[in-house]
Amino acid sequence: MQGANILLEPGVFPRLLQGLWVTIWIAAVSVAMSVPVGLVCGWLMTLRNPVIRFIMRVYLDFIRIMPQLALLFIAYYGIARAWNWNLDATGACVLVFVLWGGAELGDLTRGALQSIPEVQHETAYMLGLSNWQAFIHVILPQAVRRLLPGSVNLATRIVKTTSLAVLLGVVEVIKVGQQIIDANRFQYPTGTLWVYGVIFLMYFIVCWPLSLVAHALEKRWANDRND
Amino acid sequence: MLDWSFIERYAPFFVNGAWMTLFISVFGIALAIITGGICAAIQTARIPVLRQIVAVYIEISRNTPLLVQLYFLYFGLPKLGFVWSAEMCAIIGLGFLGGSYMAESMRAGLQAVPQIQRENAYMLGFSRMQTLVHVVIPQAISVSTPGFVANVIFLIKESSVVSAIALADVMYMAKDLMGITYNTYESLFMLIVTYLIILLPISILGTWLERRFDYARR
Amino acid sequence: MTETTEHTRRDEAIALKVTDLKKHYADADTNVFDGISFEVPKGKVLVIVGPSGSGKSTLLRTIAGLEPIQGGTIALDGRVIETGRPGNEKSGRVKRSEELRTKFGMVFQSYDLFPNKDVLGNITMAPLLVQKRKKDEVEREALELLERVHLADRAHAKPHELSGGQRQRVAICRALILHPEILLLDEITAALDPEMVHEVLEVVVELADAGQTMLIVTHEMSFARAIADRVILLADGRIEERSSDAEEFFTHPKTERAREFLHSFDFVRHRSQQAEQDLEAFDAS
Amino acid sequence: ACGPSASTPSEAGSSDTSNTTTAKARTLDEIKKSGELRIAVFSDKAPFGYVDQDGKYAGYDIEFAEALAKGLGVKPAYTSVDPAARVDVLASNKVDVTLANFTETPERAEKVDFSKPYMKVSLGIVSPESNEITDVSQLKGKTLIVAKGTTAETYFEKNHPEIKLQKYDQYADAYNALLDGRGDAMSTDNTEVLAWAKANKGFKVGVTDIGDVDVIAAAVQKGNTQLLDYINDEIVKLGKENFFHKDFEKTLKPVYGDEVNPDDIVVESGELDK
Amino acid sequence: MTETTEHTRRDEAIALKVTDLKKHYADADTNVFDGISFEVPKGKVLVIVGPSGSGKSTLLRTIAGLEPIQGGTIALDGRVIETGRPGNEKSGRVKRSEELRTKFGMVFQSYDLFPNKDVLGNITMAPLLVQKRKKDEVEREALELLERVHLADRAHAKPHELSGGQRQRVAICRALILHPEILLLDEITAALDPEMVHEVLEVVVELADAGQTMLIVTHEMSFARAIADRVILLADGRIEERSSDAEEFFTHPKTERAREFLHSFDFVRHRSQQAEQDLEAFDAS
């Protein structure tokens, strides 16, 4: 058990935290950028135009059916080169997570918008509200409530999926852990257990509160509906 | 353009990789279903202590990435003396992760069966077992199927991570080819095609199952 | 509270007799009822009316064995089948033999057919599984029942293909095929569109005419009036008025409570009568 | 295990097609202007390229990298790579130079341009003392651990298809797998296994030189002669001050001790037979 | 089809006049209605009754502008506000000015309050946003309206905290605060528990007494009888009977169709009358 002392080595913990910061940074930027992308996608998905509909369908289905890791490789090794982009591994991660998060969030948005009963639109019309007023004051507030729990869950999934960044060579928390394991292999032969254990916990500590928030939102807003 | 002779030459390796992916997925998903079933049963029956344990398990499983779970199992646990093979780790990892997702969809199915259906069965004289087999489960399946299918696809996708512990699945083959031959586009192309071949039929089958078990009630 | 005693004629056999029934829900403050007694003679129809929350459904559910009772007894055909015990609130559905359970037929308000079986499957399931009867005999009887409720042509429809009124008629057949001693109907038309109410209630009337013992909870007063042999008005878990002459109850209720209750179903108040004072009240604002 | 047997691609030999389009490399001027030379290095391959206790890059390759950047008057910007990614980071212009113990092979030479060498190696095999592998033939039917995209992988795929390879993305994983007994032996550059076995009790390098003697060099994107010329000049220039011997003293000696003759490893001025 | 012409007294101003209205749904085979005409005098209540699917809701929706019409005209206060054009089935809600829209107040069957606003927020939203009225003035009026529907104390409750009957009363206030020329009510009690029906209908009766012009669709015949000035029986998209004497319509309907329809709401058939033939039919099976 003295392998645990690896965690007390000077520099080890701060470095892991730095690595975790990279993880969180990728996740946070991806989530932040997914929001506008997702809202636009969601709106596009509600349109009746068959061409747009088909494109969005293919986009969503492709993103959904491909493993995220495969998408990361496609983005990092394939797309960047084909389009002559200078995209580093971190950039590729963000790109993939935004495309993925955007598609998923778009689908959530579509679901939320379409789940609002037609009678809400009709009531707004009868009360003389303009389309814009109806959207801002009636539809959006309700859509957001239906959307939020699912979005927080999606954020959790994005955080978890950032772990794949290590396989593109991004120096995030797992990679830092591997470097530490490597550099201390001689003093701490059982360091692997402890370092991976700590990383495991770190992910849990980041994701769990998000799960709790999603749960709480779901509970809080479940009965805040008309039906 | 793509080099088709290259694709022809290496296609068999992707077939092998696909078998590995399926092998890991089938056993991993089977384990996930068993784990999920037990958890869902415990949650639905509200068994005191076990219920809390299940709740903790579900939170841990859902809030940590499979890759880290695998590293921990594959590289971490040996330091405690448990050396499991890569296949074993992959299946356990997938089962551990999938168990919570499966539990969630099964529990949703069980809870969606209205109490009144059980009451009807009681009034008609059904035994507990008859109620379960002929009334509760057929209806629970209807609600569980979409989530269940989504989970199956999700787990097969997640299995791409097992290449990190040296299991020669589809992803591993693609990485390998890219590393040795540097034919990136062809490798990525085959990667995409192989996953489409594995996942599209499952996705279509899933849609069919959803329809099959949607008794379109109300 | 006036608990008038009931006089059942000597020659009337009693199908169901409830004595001093006490019911308490686990986390509720007060008892739903604290001693209720009544009986249903064989072949007769007892209708229970009363405001929402007065305990009508609970009463049917305790009799059916879906809820444990905390006091009193329930007797079927002169045999006590259940005796209340205090403190068993949480014990769930009552343990009754399968045979005993099938002596009560119940139809609920919601359309609760088994969605995974077709009409015939719904009706034949219990006789086949529980009573182990022969398949062709059961199916023949099921088809006869469907004939009676005018649904013979829908034998192979799935529940979701039926209207609400059709589903309720199938639910009645599903209960009838077990030849229950007594049929318990809990607001079976409450969730129906108005024009379907009739087709269902007509079936019930025919059943009553054929001598089926029934205990009916309903909000349809004209139906209650047409079908009831006896009536009970339940309010706040007490029997506020009981009458073995249904016509009398609906036309000349004895208690103030019953008058009030019946009044709330009638809207034959003419505007002219009230207009003046209402106008004042309104226009002032 | 009862899983499907995984035959791996390279058993069919590696392909020689090369039609990969590339993202245009930066010119020297662009590099100077940006103030950074982007270099792909290992971060988990002590003592050649690793991250030290303070989280800084260090090692034999890093010393050279520092010198290259200094010669241009810019700062080095390191990118940590996996062995398998070393070609692609160049092709996709994610870095300007790869300096990650990159062994020159004909296949690689088709995809990237190698500079003059600065090190020479052949492959070594490290195995547990209790079950030491002293000859390649002993490996028949056994499992050999390698890292993906290394010369060891290519060599064994091509020449010893009878040996079962277990491949990891990263060196750290491969070493860990050997420590946990997931394979019978591990192979990579002899310099590397020597260093590793010295530090890990219970492991021994039973085979020190299989395959040809290969050279290790810096690599740039195919056709980037401008940068390549600069590196070659720099290698010659550094050779005059015996830079790589000093590098050896500083980074490798503490690990190898006196057992290894620096001249067996180090190449000065890109001249092999010196 | 007997389209009796209506005789409106000279001194009655006409609030709403519908002439030869044609309505067709995009993918339906037949027209919902193919030329319907009627008028609602100011301050009067027109009740529309008829079986399910006869087009009652569609009629209200076309008048409200929620559905385009394919023929005929709709006139409000003598001004034609809409003229039908064939082929516009898919054009969605009619483009009407905000001012014109607010001249119609509508309450639907479902509880359609905005769930994200409290009671006061629901009522004051339109006057504040659309009419740009002063906040305190609007809130004062809203509270007065709530007083009238006996909900003054629930001003800050969220919709989900209200019962169905309370929600419908709030929905009525939300429509009233815009002072609509005509109030359109579409089966506003159909989704309510029986004892809540009364509290809502009472409010509507009070409104009628106060002179609010209304067009009401309902299945509650005793309510219809009590509130209607005129009645229309709609069936299969045609006006089968119309009467400017509601009492007459309910007691002595002129057409066979109306008799049939009204009959289906009454269950005052006595068992003894039918018992014999029913018994035979039943026991034989």
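Going by the order they are written in, the chains are A, B, C, D and E; count residues from 1 in each one.
Heads up, the rule we're going with is that contacts are C-beta pairs under 8 Å (C-beta built on N, C-alpha and C of every residue); 3 or more make two chains touch, one makes a residue touch a chain.
Computed from a predicted structure; not experimentally measured.
Asker: Would you pick out the chains that touch chain A and also touch chain E?
Answerer: Under the touch definition, chain A and chain E have no mutual neighbours whatsoever.
Asker: Using mean CA coordinates as chain centres, what's the gap between chain A and chain B in Å?
Answerer: Roughly 20 Å, centre to centre.
Asker: I'd like to verify one number: the distance from the centre of chain B to the centre of chain D, where each centre is the average of its C-alpha atoms, in whole angstrom.
Answerer: 38
Asker: Where the centres are mean C-alpha positions, what is the separation of chain C from chain D, in Å?
Answerer: 84
Asker: Would you mind pulling out the distance in Å between where the CA atoms of chain B average out and where those of chain E do?
Answerer: Whole-Å distance between the two chain centres: 53.
Asker: Out of chain B, which residues touch more than one other chain, so two or more?
Answerer: Correct list: 75, 78, 163-164, 175, 178, 184-185.
Asker: Among the residues of chain C, pick out those that touch two or more other chains and give their numbers.
Answerer: None at all.
Asker: So which bits of chain A are touching at least two other chains?
Answerer: Correct list: 77, 81-82, 167, 189, 192.
Asker: Every touching chain pair, please?
Answerer: A-B, A-D, A-E, B-C, B-D, C-E
Asker: Contact residues on chain A for chain B in the complex?
Answerer: Contacts found on chain A: 3, 61, 64-70, 73-74, 77-78, 81-82, 156, 160-164, 166-167, 174, 189-190, 192-194, 196-197, 199-200, 203-204, 207-208, 210-211.
Asker: Touching chain A in the complex: which residues of chain D?
Answerer: Within the complex, chain D touches chain A at residues 20-24, 43-44, 46, 50-55, 79-82, 85, 88, 91-94, 169-173, 175-176, 179, 199-200.
Asker: Give the list of chain B residues in touch with chain C in this complex.
Answerer: Its residues touching chain C are 114, 116-117, 119-120, 122-127, 130, 134-135, 138-139, 142, 215-218.
Asker: Could you pull out which chain B residues touch chain A in their complex?
Answerer: 59-60, 62-69, 71-72, 75-80, 153, 156-161, 163-164, 171, 174-175, 178, 184-185, 188, 191-192, 195-196, 199-200, 203
Asker: Can you list the residues on chain B that touch chain D in the complex?
Answerer: Contact set of chain B toward chain D: 1, 3, 5-6, 9-10, 13, 16-17, 19-20, 23-24, 75, 78, 83, 85-88, 163-168, 172-173, 175-185.
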